[in-house]
Amino acid sequence: MIFSTQDLTVKYGQITALRDLSIILESGELTTLLGANGAGKTTLLKTISGLLKPTKGCITYQGVNIEGLQPDRIIKMGIAHCPEGRKALPRQTVYENLKMGAYIRNDSGVEKDIEYFFERFPRLAERRDQLAGHLSGGEQQMLVICRALMSKPKILLLDEPSMGLAPLVVKEVFEIIRQIHEEGTTILLVEQNAKMALKIADKGYILEVGKIVAVDDAQSLLKSKAVQESYLGG
Amino acid sequence: MLLQHLINGLSIGSIYALIAMGYNMVYGILELLNFAHGDVYAVGCFAALGLLTMGVHPALAIMAGIIVGFVINLFVEKLAYRPVRYSGRVTPTITAVGIAYIMRNAILKIWGPETFAFDIGVRGSNLQFGGIIIGTLQIYILLIAVSCMIGITLYLKKTKTGQGIIAISQSIPTAALMGVPVNRTISIVYGIGGALGVIGGILFCIYYDSIFIGIGFALGTIKAWMASIIGGVGSLKGAVMGAIMLGLMESMVSGYVSTLYKDAIVWLLLIAFVLIKPQGLFPAQVAEKI
Amino acid sequence: MMNLAANRKMITIAAILAACALPLVITDEYALRVLNVFFIYSVVALSINLIVGFCGQLDMGRAAFMGLGAYWSAILAVRLHFPFFVAFLTAGIFAGLVGAILGFLCRKSSFDYLTLITIGFNVVCQVVFLNWIPVTNGAMGIPKVPVPEFFGFAFDTNLRFYYLALGFLVVCYVLIERITKSKLGRAFEAIRDDSIAASYSGINIQNFKVLNFAIGSVFTGLAGSLLVHYTQYASPFNYTLDESVYQLQMAILGGLGSLPGSLLGTLILVVAPEISRSFYEYRLVFVGFMMVIMMIYWPNGLLGKAGVGERLIGIMRFRKKEPEEAGR
Amino acid sequence: MTELVKTEDLSKHFGGVKALEAVEMTIRESEILGVIGPNGAGKSTLFNVITGFYQPTRGKVFYNGVEVTGHRVDSVVDKGLARTFQNIRLFDQMTVLNNVLVGMHLQIHPGIMETLFRDPGKGQKEIEARDKCMSLLKYFGLEKDATLVSGNLPYGKKRKLEIARALASDPKILLLDEPSAGMNPNETAELMQLIDGINRKGYTVVVIEHNMKLIMGISHRIVVLNFGKKIAEGDPAAIQADASVIEAYLGKEED
Amino acid sequence: MNKRLAFLVMLIAVTLFGVSVASAADTIHFAVVGPMTGDSAGQGIQMKAGAQLAVDEINAKGGVNGKKMTFEVADDMATPNQAVIVAQKLSLDKKILFVVGHNNSSCSIAALPMWEKTGVPVISPSNTNPTLTRLGHKNYFRVVVNDDIMVNQVVKLAVKDLQVKKPALVWENSDYGKGMKDVALKALPALGVSLVGEESYVPGVDRDYSAIVTKFKGLGADGVLFLGDYTGAALLAKQAKNLNYKAKIVGASSIAHPKLIEIGGPAVEGVVSVTSFDPNDLRPKQAAFIKKYDSINKEKPGEWGAHAYDIVYLVKAAMEAGATDRASLIQKLQGGKSFDGVTGNIKFDKYGDVPDKKAFVITVKNGSFVSYKTK
């Protein structure tokens, strides 16, 4: 176990977004988090990465409680959050976006890593000096994932990477995620596209109105009748 | 004559440009209508004056003034703006007006409303081309303005903190997720804004060999704001161009229309400009979403 | 519910009666004058509240409209010998018209620009008051403005004027309260809270903004007119930007969106400087601190609604910055 | 069935992005029309162009046969449209009742005399409006919250209040933008009944949704958008069987 | 709510009953009214300092007819509306015998009717606008030479002594500058010269005069009549020098201030000004006053301080001649003998002006003011 939350409760004003939520991530595993809009998935990721402060509960990472730390501290510890909605920095170039991803790094390998991503995703390389705001949706998503990886995270939090992307691009994005996973990064994936997410995941949590309602390995969830009905459009 | 008026306008414009750059740091990046900008840097300029009259070396006094501007803005940001950072537009605007009042009256209490000589021993000479006279000081000021602009642009473009600042201007949460220490970086933005203001303010004082309370609000905040709006909010280049346009406009109106109605005419021109070209000369693209 | 409404009415009537009886206790001419000025400034604060508090348009040049009303009235009364009530009423209409025109020009302007334009308009008005000598008599101003007079009854003492000013305040207060509680006021508040949702409720945002500006300006203009007939002297130095900010502070101190708050805020800022010399000397620093502290801890003002309902916050959000995040 | 709204070649481009491209669609009287498609497919843009919030780059919008292209939002609303929003947009500082009264903006015409010379809330028009709003609130189970500040309501009630506000203007067409977002299955079921009830009262309803259960359960007709284009139109059964829809939106069954 | 209510009640109570404590009858009370806060506070504070010096001297020597003098200070904030409120307050205070003030002509115009109601003599140290004494207020006096006299002398100085052929005019846009400009526009044609250019500036705001200088240079003006404040004059001189414009600068009273040289430096060499008070006056009486004032206030007196000082002594003289209350003071002042103060000879005419008072001419030479010999 590399990471866990215990009894996490988060409130927006009077609204409780998460209620006593506990999850566990095993090192090197891809865990997916499923649930309807407003179930609290994004809230959970924001809380982990320090954007939101839980009212109650505890977040443990490598045996240390990181609850309450500022986002810049948390990313330094090796947890990168790739936010939903393709949050590229639109007024900066592709290159600058990637460089921003390495904001916390002071080593000399940054340029080399950027070149590595450019090699791996030639489409980004082509647009190296274009403003990120001018990229297509799929390219932006690619960029945002690469940017998150630039910090060399041990855990990657991915928030709906397939949102609003064409099916083909979605496939591509999932392929990237699968590769990152294979390279040994621990991933927490939030997805609406439940079927695809479960296919590449090791384990899945199902969230409903701020609560975990089911947890199982991905294959069993994929086959579960209830899950199919609620989340696979059955 | 026209050429001389143009040169006069250009030199006032370049002073406005320096002040506007500092203003625009905050306005462009954090969207705060910083009514306190002028009065904060005026404190820095008066601090420099205080040291000068105590016999401190001018270079040291000016450095100290710049540091004072930097530090005051750090404190003001922490105490007055950070608590209302996410409270919409009106709230921080009003706190800024409050800070302006506090600063201005602090100056009034300590130094009073008088005009003081501001003499650092630099005397510009004049270059004459035909009938046109250009002061060397004017050239220096223009050079300082341009090099500050280049310096800031490079700082924002090439340094890590600079890139962090640009990221913050686009989305605070996203920047935070990149590991940008948001509060510290925003403090730096305010600090630089204050320091740039002091540089502009001190050049103003040197150019006119005098300092008085009005360099803050009337000649600082308001002109910087006008320049930012002419240039387009959030564009450093725009602020500089806007400031120079403003200087030229004032000079031309004084020279060819009327000194009596100068302020009114310049304001009316600005209002007309805003109504015709609300995005300014160098607009930033914004799309409203629902 | 019913009981509360009835009580409120009783309290209001009692307050008005008490105000009417006040001169029996207070006979000091100076105190009466301060109260008279307070009544008039209250109307200005109410009009600012209508514009800034209810409609969310940050107007920082209200003194210009006071000046427009004052000069219009002074010129009509002194130069053209119109009777008081004609000068007074047309001053309100004139200020309202100018407000409508300015509002119309700014109808599409964003928050920043409107604020800038109102400041600019204040400067322009002052320059015109100062320099359009044939009409405004420039820096020397227009002296000997006649005292208010209705059908031969002159309000020429502080006591008589007290009732006129009180009546003026009561009428303006009632009218403004009715406006804010009508369809009109709801539309203003809707624009302030969410202009997009407001337009989807069928509100023509631009027209209502213009209307709001015009109505506010009518009241400001009337107050300006009444004050000039009271001080009997119109001077360009009364309508400066500093004056505008001071008036704005009256509305802020009491609470934007709260009408009784405007009265309280005005009372404090008009009366307190007269009480204490030291307050007098440091009043500007005081209001400076007050503006900062109020905005941070008490954004709704002294009599604004308490709790989460920060009236100001909905006006224009930092959408790109998602206020709920990183706000710690 | 009469066509209340008709679009012709409706296109909206943002810079180089074609958010809507040559969409031709109709809204028919008394139907429940579902609009589905992946995020970013142009569903909200379609709403925004139809209601006048965006000016279309190309094409026309007709309402009851009258062209309304380029009209301001409020004048389109005046033709009998009302909507709710994806991210709830209430007047947060106003009371629940006042929110609904704002919704009635176009129905109340109190006149200057009533505004200025009657006690607040005592005018004839005002009383009638309040009564109507209260009965509307009652229908949504919000009558007890009428005097609360709307910003303090819980999420579910906010959603209902938004619908109530939209209905207050007595629209012919009600546009609902992801009304079930953030609702649990029970709430969603309740919402489905509510929408159905509204439709039975004679309102035409258009719904943007991701929730397939809801959309397939109540829609009479479904329009599918993808990349700004209409890729399919038909009754729920047909849509579920449509290959292009499955590929773009519902997802292929095989690997 | 209760706390707020209590606060409110307290506030009202304090206002209404906060009448100042009555004091012994054997003191002479008066008031100094001027801008004590804000941008022109410096002038009001000088008025206060001048009056204070006089009062201290008088009291140290046993007072006036055995009574000590004391005064209170009120702030008109340089705004007419506030001036009226101050007048309302103090004019009803029976103790107040007379008023030193106001500083701004607009404040005087606004407040004089109020002072007149209770017959308070108002003696201004600095209102120079000629129209003020023609408004018909019997209680109004000023010890300063009015602009009519002052500006006529400036014009004469420029045309006759300095041989200016093509004069240009700069005036500050205030009641003060405007009044002077009107006089100059009448005086110039009378001497047979016509103005080639006329510009204005906003005192305390405008700092750039290069457009004006460039314009005047283009018009070929050989002399500039500067009717405004010393800061403006100093900056104009500097910017003229920078632009190689060599016209003679002639000014009225308000530029004759040590700050002119401090700010203007070498650029103001040769500037000539008519003044009613010279801060470098070497005559024994004046020099003693200046030294004393300087040692207390760490600043040389300007005309405000000197005039306020004179006003107090002037009233002392009138009281020693038999004035006892407001009415008799006005009477004594109106028909008074001439009084010799540090600013010159004060004798009021029927309007309350001092037509006989002489203004003198000074010029800047080697970084200080010296007197200028007129022809």
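Order of writing sets the chain letters: A, B, C, D and E. Residues in each chain are counted from 1.
Heads up, the rule we're going with is that a residue touches a chain if its C-beta (ideal position, glycine included) is under 8 Å from a C-beta of that chain, and two chains touch if they have at least 3 such contacts.
Bear in mind the structure is a predicted one, so any value in this text is a computation, not a measurement.
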Contact-graph separation of subunit A and subunit E, given in steps at minimum: 2
Reference subunit C; chain at largest CA-centroid distance: A
Computing the C-alpha centre of each chain, which chain sits at the greatest distance from subunit D? E
Taking the mean of the CA coordinates per chain, how far is subunit D from subunit E in Å? 71
Take the average of all CA coordinates in subunit C, do the same for subunit D, and state the distance between these two points in whole angstrom. 39
Subunit B to subunit D: how many Å between their CA centres? 47
Per the C-alpha centroid definition, the whole-Å distance linking subunit A and subunit C comes out as 52
Residues within subunit A bordering two or more other chains: 13, 46, 51, 71
Two or more partner chains touched - positions in subunit D: 15, 53, 85, 89, 152
Interface hub residues of subunit B, defined as touching at least two other chains: 170-171, 173, 176, 182, 260, 263, 285, 290
Mind listing the subunit C positions that touch subunit B in their complex? 52, 56, 58, 105-106, 108-113, 115-117, 119-121, 123-124, 127-128, 131, 196, 245, 252, 282, 284-285, 287-292, 295-296, 299, 310, 312-327
Touching subunit E in the complex: which residues of subunit B? 1, 4-5, 8, 11-12, 108, 112-117, 119, 124, 126, 128, 133, 135, 204, 208-210, 212-215, 218-219, 250-251, 254-255, 259-260, 263
Of subunit E, residues touching subunit C in the complex: 4, 8, 11-12, 14-16, 18-19, 36-38, 75, 78-81, 84-85, 88-89, 92, 104-106, 109-110, 113, 129, 131, 135, 173-179
In the complex, go through subunit C and note every residue touching subunit E. 25-26, 28-31, 33-34, 37, 130-131, 133, 138-141, 143, 158, 227, 231-233, 235, 237-238, 240, 242-243, 264, 267-268, 271-272, 274-275, 280-281, 283-284, 302-303
Quick check: in the complex, which residue numbers of subunit B touch subunit A? 160, 163-164, 166-167, 169-171, 173-182, 284-285
